[in-house]
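Pasting the structures here.
Each of the next two complexes has chain A plus one other chain: chain B in the first, chain C in the second.
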Partner chain A sequence: MTGFNRRHVLIGTAAATVTARPAFAQAPAEIVIGALYPMSGANAQVGVDARNAFETAVDIVNGMHEVALPGAKNAGLMGLGNAKIKLVYADHQADPQKGRAEAERLITQDKVTAIIGCYHSAVSNTVSVTCEKYGVPFMCADSSSPSLHRRDLKFFFRPAAHDEFFSKGMFDFLDAQKASGTKIETLGLFYEDTIFGADSSNTQRKLAAERGYKIVADIKYRANSPTLTSEVQQLKTADADVVLPSSYTTDAILLIKTMGELGYKPKNIVAQAAGFSEKAVFDAVGDKLDGLISRASFALDMAGKRPSITYVNDKYKARGNRDLNDNTARQFMAMLVLADGIDRAKSTDGEKVRAALAATAIPGDQTIMPWGKVAFGADGQNVDADPVLIQYIGGKWVTIFPKSVAAAPAKWPM
Partner chain B sequence: MTAQAFFQVLASGLLMGLLYALIAVGLSLIFGLMDVVNFAHGEFLMVAMYATFGLWAIVGVDPVLLMPLVIAFMFVFGAAVYLGVVRFAMRAKTNSGMVQIFATFGLAILIQGVSQLLFSPDYRSIPASWLGGRTVSIGGVFLPLPQVYGGLISVLAFAGLYLLMSRTDFGKALEATREDQGAVALVGIDRNKVFALGWGLGAALVGLAGSVLAIFYYIHPQVGGPFALVAYVVVALGGFGSVFGALAAGLIVGVVESFAAIAMPPAMKSIPVYLLYLGVVFIRPSGLFGRL
Partner chain C sequence: MTPRRWQLVVLFAVTAGFVAVPAVLRDAYLLNVLILTLMYAALAQSWNILGGYCGQISLGHALYFGCGAYVTSLLFTKLGVSPWFGAMAGGCVAAVLALALGYPCFRLAGHYFSIATIVIAEIGLLLVHNWDAVGGAQGIQWPISRDSWWTLQFARNKAPYVYLALGLFVITWLVTYWIEGSRWGYWWRAVKDNTEAAESLGVEVFRSKMAAAALSAFFTAVGGGFYAAFVGYIDPESVMTFRFSLLFALPAVLGGIGTLWGPLVGAAILIPMTEITRSYMGGSGNGVDLIIYGALIMFIALAKPEGVLSLFQRDAKPEAAR
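Here is the complex of A and B:
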């Protein structure tokens, strides 16, 4: 085997797959949107769930629904003669370079009006740059790295919060707990080695320094590792008052299993969502997670304040056989925000859609999220995407922070 | 580092190393027998894990008891892969090395795709079993029972393999076939049959590892990748084709990785493993125990 390895074969296969796909004709009455997600590879379930979330959103936009959401009441997009939205899916396999290639294909061959994606921050990073190059709006549904909207991109939009909001929410919560007399002095950071983990931990490190928490473990681990024993051993030795993990699904399962195996029960876990909002994690290790706290953009138990949640969740559940979670709720809402922009643009021209999206003004009660409203700053970030903290108690998520929306006080320690 | 932490890291490394060795030995065996690198080895592991999970879900018996069934299934699966795919790939007149690589690599992609289609990309796990989630503490050093069981199985498998290779006619036929494929035909050994049995044995060994791993690891169509990567390093480090090289190299990789994750940022824990591998390959290209 000279100069030839598995990676070469992979690249060759990917290239063959890309070139083999036929460009397809589109009916003029359809608005084509590209959805770029991991559809195979370690996080393929994320893609499957995202697909169900998008189909639910498109169903609401394309049909007539009596629910307080943008675009629900009319069939199709009013601004474009009741045109229907059609989604084209592409697979990035969590690889930023595959993501970029697929984005180009969606834009040049499928002639998409906009691209929505991409879960992995590292992929959203390359895809948004490609979109910028072609003047096609990129709707960042569910990637939360703060650096994404700080690159002077004109076609980048993110309705949901990023990790600085989320981490700030976490530290506000920790401060509030401390103020009520709980001892919280030390933190343990545990994060994976891509842009998501790096950005998340940077923010947490900064906030910890500002607010006087001591970091006793700062562990950057290799994603999808066969074992995390030594890593968890270090967490155990440090035994921080709160462990703050930033992990995708596979590592989240392994982390919690390994903690159990090494006889380590952390005092508290406050997670940066991602894997910790996935059903698979709770199916696997839910018994060890009672009392886990996670940041979230979404909470099912807010249905009292946002009646549309029940309506949407029922529709989503019928497709995916699971409840909406932090990720799928953001994906659903981002699709509605994008459709609303295209509707108001009355055009599929990239520049016009961009301008319409920049002028978005959706009140919070027209969403399924705890957000104040959806309105983008010059950098494409929604500044009113208030996050919440939710706690996993007795097999259900309960909103615990901020106080204004909390359904119950936090159980502490977990 | 306290003595307790030291022994914890050492024990974890050794247990994981035994499992790495068990995963790798099937790969090494097949390579030694017929100079074919099975690029679908990680997928064999994944199939074994799904087989364990599927049998557990259907029969409802503890994975420990299902092990013989999984091994038998994997033996048939491995032999079928040889008879259905590899046998034909080996017939290529030109560039047969490449043909074999592409055949097994294509097989890997096929198995992944079919698994995702059949089982969905969701992460499965066996939530409760006799051993799952149980752990014993010896002087503050925690030994998870599934891994201890896996280590035990690994040691037994290597002992059994040693007896098989040295004491049985089949072992001698394997040994003779790897020495000289042409000559064995002259003494009446059916090369094809030995190869098919060799693939069956290789797959059964990784099946053994899969049935243990399924108890404490998540299962999904891509689960084999990271383990296969380690297995290739183990095989190359120990020496292509050397069964006991795989055992030694598995333990070395497990322990080095375990301590590296303590000594440096854990994201870089594979670097010492690969450095060690490079060092060995520079000084001794055949690997530690290779006879090439």
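Here is the complex of A and C:
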């Protein structure tokens, strides 16, 4: 038994020596930020793309770039003696428990200044609570569940819109179409049985009731389902004026394939992004998606109003061999917002970075997004994160709504 | 001392070793790995009661795990009931559920029983997913509260969770130990070896299976209650998927099915390996961690189908190979 104990003492001492590195008091050479994403399994591509988006953002912060984005002109973070940002990645495998454990490891072992993540809303949930317990800011780049910022967390920040903003944008668009004389009376909801699908469909149901649309199909399906035949059959029978899907990549592909097999061409699809902003979906079934409308945080053809988009997209494309999309644009921008906060905090102390982030004020034209500005409410949600609606026409996305940033009117029906 | 008594000495030594760990090991991440290892050892031990000793291979234990996690979380968040009682209540609900499901299912033999367990657990998952009163797909969030043994919430201190998981493991071990030497234990092994022969000798086969199922479900659910308190957030995907059912069976199968130490040995290999490879290799996104994981399971399955424990036994028990 003594041997057993001694060995643990030795391991323990070794571990203690490793973890007890002195914390650098001022102006560290490197600011470490943890990025928590799915790096394996069904959504591994999301993690790989996020990585390219973050590397692009860090490249712009660490180097000198003549572009209208926060932190671009100087090398590194001015407020911390031109310190460079270094990213550490971890894989949460879409599991809230693993996300929590990895967040704890990043905080205690890698001594990260902040954590950015996590794509899946359920994982962002546990990770943000862990960050709160350790007093480390959590930058919610791309999880859009509205429940996330309603938990009185002090260290939670989300620059992008949540699903209620998006759904509202979608219905504003439908109202505008209707006002211009198009017949839109019935809606078909189609959503996965996850936190994302539940939030999205709840909001859509509420808005439909408020604004006088009739829901003729309300279909919940099992996420990552092997077949959607009976669900699509129901959609086909209802034949709503607009189908509103809330689906991730694999289900989005399956949905469109099954529609093709069953000979159902919906009059219009207005998607809650997610899978419908992934390149994989358009690679697989893009030919069937001409005229698809999606809500978006981002559109490449806004470059006329946001010149930095072209610059950033070129850099991103050089890494990832694809254009920026809804997710990667949000990830890119969230990293810049976080870097800007750390820069102004002039410190890596969690409380100081939190205070600086809370005081964020980045004008919309300093972003690559359609947002009015970046400024967080007390709950950590950016209140000016206006979404846009985009339509997939001839293999390209065209911004169609709101009118102020629209490049063309909507093609209707699709 | 008899060989059986020696097992208790080994348990005492192992427990003492684990008790000492949080005193010398302060790293939250490594303690987290230890907690998960002990938790899965306890859960695999619970599974082992039905799967290993009674020979009824269940691949639906995630249902009982989820039952414990949900009952504990609901009682705590809605009524403020301490998770100590919540986990017990969850255990009782799961045991009753196991009896209700066992009544039709134990009329099925062998593989058909296993398939039924998978299907029933999937039904449970779908029901919870669509049941808004228990949070539906949104899950249940535990409020952030100050450190307390009453609510089992500890913000940064991992040591209490180590002791809780260890306690759970020791209790499931002791129960298994007691069963092994009792009349039930002999009955269950007889049922496992040859149901017809056992029945002809007067073993009450159906009652044996029901008792094993209830006991196994009870401890699995208590483990689920612990998990909910530990993670502080549950949703159907994170406590009730098929992945969990496999994770309860795998350590027992890997370490040695139907043995006292198999679940701990299996969990001590499996859990640190999956956690550490994911943490230090998973970030690359190339899946090396999962390749290593799969390769090890294949290697053990091919080289030692009786489980790792058989390496240390002078004459591998033929019954363990089943």
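Note that in this section the second predicted complex is superposed on the first by the 386 of 414 C-alpha atoms of A that agree within 3 Å, B and C clash if a C-alpha of one lies under 4 Å from a C-alpha of the other, contacts with A are read in each partner's own complex, and residues count from 1 in each chain.
As a convention for this text, a contact is a pair of C-beta atoms (placed from the backbone, for glycine too) under 8 Å apart; a residue touches a chain by one contact, two chains touch by 3 or more.
Nothing here was measured: the structure is a model prediction, and the numbers come from that model.
Enquirer: Classify the contacts of A:222 with the two partner chains as first (chain B alone), second (chain C alone), both, or neither.
Expert: Both chain B and chain C are touched by A:222.
Enquirer: So in the superposed three-chain picture, is A:147 touching just chain B, just chain C, both, or none of them (first/second/both/neither)?
Expert: The second partner, chain C, only.
Enquirer: Name the contact category of A:134: first (chain B only), second (chain C only), both, or neither.
Expert: It touches chain C, and chain B stays clear.
Enquirer: Touching A:109, do we find chain B (first), chain C (second), both, or neither?
Expert: The second partner, chain C, only.
Enquirer: For A:40, is the partner it touches chain B (first), chain C (second), both, or none of the two (neither)?
Expert: both
Enquirer: Look at A:318 in the shared chain and tell me whether it touches chain B only, chain C only, both, or neither; answer first, second, both or neither.
Expert: Once the two structures are laid over each other on A, A:318 reaches no partner at all.
Enquirer: A:75 contacts which: chain B (first), chain C (second), both, neither?
Expert: Neither partner.
Enquirer: Once chain A of both complexes is superposed, is A:98 in touch with chain B (first), chain C (second), both, or neither?
Expert: Touch status of A:98: second partner only.
Enquirer: A:260 contacts which: chain B (first), chain C (second), both, neither?
Expert: first
Enquirer: Just to be sure I follow: which residues of chain A are touched by chain B in one complex and then by chain C in the other one?
Expert: 1, 4, 9, 13, 40, 44, 47-48, 193, 220, 222
Enquirer: Okay, in this complex, where on chain A does chain B touch?
Expert: Interface residues on the chain A side: 1, 4, 6, 9, 13, 40-42, 44-45, 47-48, 193, 219-222, 224-231, 233-234, 237, 249-250, 253-254, 257, 260-263, 278, 280-281, 283-285, 287.
Enquirer: Okay, in this complex, where on chain C does chain A touch?
Expert: Going through chain C, the ones touching chain A are 13, 16-17, 20-21, 24-30, 32, 36, 126, 129-130, 136-139, 141, 144, 155-156, 227, 231-235, 237-238, 275, 278-279, 282-285, 287, 289-290.
Enquirer: Applying the document's contact rule, which stretches of chain B touch chain A when the two form their complex?
Expert: Against chain A, chain B makes touches at 2, 5, 8-9, 12-13, 16, 20, 37, 39, 97-98, 101-102, 105, 109, 112-113, 116, 120-125, 127, 133, 135, 137, 142, 144, 147, 216-218, 220-222, 225-227, 230, 257-262, 265-270.
Enquirer: If you look only at chain A, which of its residues touch chain C in the complex?
Expert: 1, 4-5, 8-9, 11-13, 15-16, 19, 39-40, 44, 47-48, 51, 88-91, 93-98, 100-102, 104-105, 108-109, 122, 125-126, 129, 132-134, 147, 151, 193-195, 197-199, 220, 222
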